[in-house]
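Below you'll find the structures, each written out as structure tokens.
First chain A sits with chain B, and in the next complex the same chain sits with chain C.
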Partner chain A sequence: MSRYEIYSPEGLRVDGRRYNELRYFKCALGTHAHAADGSAMVEMGTSQVVCTVKGPQEPQQRSSMDTKKAVLRVNVHVAPFSSITRTKHTSNEKQLQELSMNLEETFADVVLAHLAPRTEIIVDLHVLAQDGNIMAGCVNAMCLGLIDAGVPMLDFIASVGVALADSVPLLDPNHIECSELPNLTVGVTGKSNKASLVIAEKRILLDRIKPSLDLAIMGCKTVHDIMDEQVRIRLNSLEDRIKR
Partner chain B sequence: MKLSNTELEFLRTSLTGTPVIRPDSRHAGQLRPIESEIDILPMTYGSARVRAPDGSDCIVGVKAKVVNRHDDLIDVSVDIAGLKDNDALPNSLALVLKQVLDSCPEITNNALIINDKYGFNLSVDCVVLSYSSHPLVILSAAIFQALKSTHLPKQLDSLEMDENMDLTKTKTADEAEIPQFDDDWSQSVPLCPEGWTPPLLFIVSAINNTVVIDPTINEQLVAEASMFFTWKNSKVSAPIETLNTGSTPYLGAFAPELLLEAYSLVENCAPALEQSLLSSE
Partner chain C sequence: MEEPSFSGLFTPGELITDDPMWMRGHGTYTGQDRKTYSSVAGKLQRVNKLLTVKQLNGRYDPLVGDHIVGRITEVGNRKWSVELGATQDASLQLGSVNLPGGVLRRKSDDDELNMREFLKEGDLLNAEVQMVYQDGGCALHTRSLRYGKLRNGMLCTVPPNLILRQVTQSHDLEGGVEAIIGANGYIWLRQSQGQKPEQQTTRKANGLNRLEQDSDAALIFKDTNDEISIQTRQTISRYYNCIQALADCEMMIFGSRLREIYEASLVYADAAELLKIEVKQDLCRQLK
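So, the complex of A and B:
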């Protein structure tokens, strides 16, 4: 039995949100403008992910080159101080490798890689603070980082998590909800209703997937709108600089 | 970007002439500007981010944990994006920085000690997002800022809880009690004692008969040798070591008379950097 009342009869969650409320979401583009071709930072609640994108550029290793399309390489670094108790993560950890592989596959669908053959795009994701599932934050940060780097893409991918408290789906779970409940991470391309990424942790009953997906897709659209606004702000600031 | 032999020779000639001409029009004893922010991470006791105009960027987070007291209370780790975990550079940087922090009795024998049995284990974790010249200088500046912003929870006075105990009996180390802390973070105490500043590190490169402080990557390429100096308690102090900056075509040694010159360069610019870092808080 959990120490927390995950979802009260009044419909409130541990941090006082309703089932369909996102945490505070903040994002910015070009946060590390000198360090890389594209960069972005995403905060979801207390989670914080920084993304730096280098490329499309000449591949460092010839063996990793593709003559037909650009190669997307994702490295996820989790800082030792990111969780409540300090834990040192190594880059060859299974979970992180799986995460970066999932990210590579998700973005392979929207990145127009065939426009830049014989190049590679290196994406470094730094998780500076983690509160709950880090996948959604990584997807959002990577999407903005790629946009900031000017990599041609079909559309945004916005992502958000959903946890299931019995039959009630909870949007954007924090670390308490994530550790107690089975959860899904969903990514949606642009303004469509299609989930381009669904990852389930633990087992979920089949008839509960539909309401969870609906809620997640709604959340993703909100995230998409916030990110879209930030992209436009960045674009305008760049335009202003060119005019001057 | 790799420079051709002609470019290297041009750079070296301009750096060894009088007056010394550096590619970014600095004086021989002038540091590059850096930007810093503190208290940026919610999950740490103290954190800082330092950026340099060449794209170097690093983030430092400090966390503390109560442990059984022992001599080795500080851990330092360095993670550099793009380098493997077993790469020599991050590991040697972590060793150097640990050595520097371990030789600060102001924190190791003071703020980190709770009682005879318990102490704080301080983890200083550095993440280098990107770098072009040697990352030691911005790492030390970031650690400086992070340590300055670090606060530890206030220890509650334990005497009131055991009034019945025989106070005349002195407690041995085994009997020292588990420390209790105030859960009000606004009561937390700063790690660094008042008026004390953490150490800073500076890199100085020797090029023929001149020395330049805070060399860029290209300046390091034409230098014979580079050394780092520690600035602690308002003077240059140990460790002072040569730095491996990769193979350069001009590889040589640091002449003793240049060492004195390097000393004075560090002495001249360190107080100013210290002041500007302190005033940014």
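So, the complex of A and C:
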């Protein structure tokens, strides 16, 4: 039995949210303008992910070149101080490799890679603080990073996690909810209802997936709107400086 | 049918127009519903019926005629590869450089074998974009005495979208320093040359002897630096710090502004003071 009351009879969660409430979502583009071609930072509650994008550029190794399209390479780095206990993560850790592979596959669907043949795009994701689902934070940060770098894309991918407390889906779970409950990560393309990413690491009853997906898609749309607004703010500031 | 808004900013996946009469250019795509959407974040531009969305950030996008500064990355088969901050390395054909011995000299097999003696990996040069390929690559040429290998100075890189394109990209600045502002955001700061290339060309037009022309061309590929005085070195680093200050404050960079910020920076006796963020902001505020 858990030490926490994950979902109280009054409908409140550990941190006082309702089932359909997102945590505080903050994002910015061009946060590391001198270090990379595109950069972004995303905070979901207390989790924080920084993304830097280099490219499309000449491949560092000839062997990794594709004459038909750009090669997307994702590296995920998890800072040792990012969770409650200090742990050293190496990039060849199985979990992180799987995460970066999932990200590469998700974005392969939306990035118009054929427009920049014989190049590579290197995405570095730095997880500075993890509170719950880091996959969702990585997807959002990567999406904004790619947009800032001017990589042509079909649409945004906004992502959010859902945890299942018995039959009730909980939007954007934090660390405690994630470790106690089975959870899903869902990514949605643009304003559509098309889920381009669904990942469940634990078993979930089939009839509970539908309500969780509905809730996640709703959450993704909210995240999409916030991200879109930030992209416009960045565009306006870029446009302003031409006048300076 | 909706008329697209030409003043507006677009984000990826945003509907531009549902009217099929428009042609789709860069930064746009057709959805499955035959409507036109934006694929990058940027500003919509129109030329007749062609719609393009121009991104405001990202890597250098070469245009024919741009004066650029680049670095040799590879010596290949009758051509050099030049890194200039674009999506792909540019190519500089052996046939599009001026070799010692005059403009009209024919390129022999010997030249092909000695390519590394003219330009080798790591050398910096300034050149002009001659042709742009569809996939983002481009070809360069250095067929003018203005272009060639760079020496006697230091490189300063800034984001390419901070460079204002002007007619002349090389500027003689106060303090015996010359700046070559590459359209790709690479800026070369060097000690002023005694005589300007323009003068050299006019002299040549006047029909000076061939020997002199040869020595001019040989100078293009010279590898060693001249003796540079401490004073000039400090002036160059002062200009470097001024440019970095402009970049940090996201201000556009061009010749007259460099002069202006240099004047303003003379208040601080030591060029190292310009590295402080308060000083940078203070200088950039003075420019407005």
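The definition used in the following text is that the second predicted complex is superposed on the first by the 244 of 244 C-alpha atoms of A that agree within 3 Å, B and C clash if a C-alpha of one lies under 4 Å from a C-alpha of the other, contacts with A are read in each partner's own complex, and residues count from 1 in each chain.
Everything below uses one rule, namely that contacts are C-beta pairs under 8 Å (C-beta built on N, C-alpha and C of every residue); 3 or more make two chains touch, one makes a residue touch a chain.
Bear in mind that the values here come from a model prediction, so they are computed numbers and not experimental data.
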item	value
Chain C versus chain B on the shared chain A, clash or fit after superposition	clash
Touched partner set for A:Ser91, first chain B, second chain C, both or neither	first
Touching partner for A:Thr52 - first (chain B), second (chain C), both, neither	first
Contacts of A:Pro173 with chain B and chain C, given as first, second, both or neither	neither
First, second, both or neither for A:Leu128, with chain B first and chain C second	first
Partner chain in contact with A:Asn75 - chain B first, chain C second, else both or neither	first
Partner chain in contact with A:His34 - chain B first, chain C second, else both or neither	both
Most chain A residues touched (candidates chain B, chain C)	C
Touched partner set for A:Gly161, first chain B, second chain C, both or neither	neither
Single chain B stretch clashing with chain C - from 20-28, 56-64, 74-82 or 146-154	20-28
On chain A, the residue positions that both chain B and chain C contact, one per complex	34
Touching residues (chain side chain B, partner chain A) in the complex	41-44, 47, 51, 53-57, 59, 61-63, 65, 77, 79, 81-82, 84-85, 123, 125, 127, 129-130
Interfacial residue positions of chain A with respect to chain C in the complex	30, 33-34, 37-38, 55-58, 112, 116-119, 147-156, 189-191, 228, 231-232, 234-239, 241-242, 244
Chain A residues touching chain B - in the complex, by the definition given at the top	32, 34-36, 46, 48, 50, 52, 75, 77, 79-86, 88, 90-92, 122, 124, 126, 128-130
Complex contact set, residues of chain C against chain A	9, 11-13, 27, 29, 37, 39-43, 55-59, 73, 83, 87-89, 135-137, 159, 161-162, 247-248, 250-252, 288
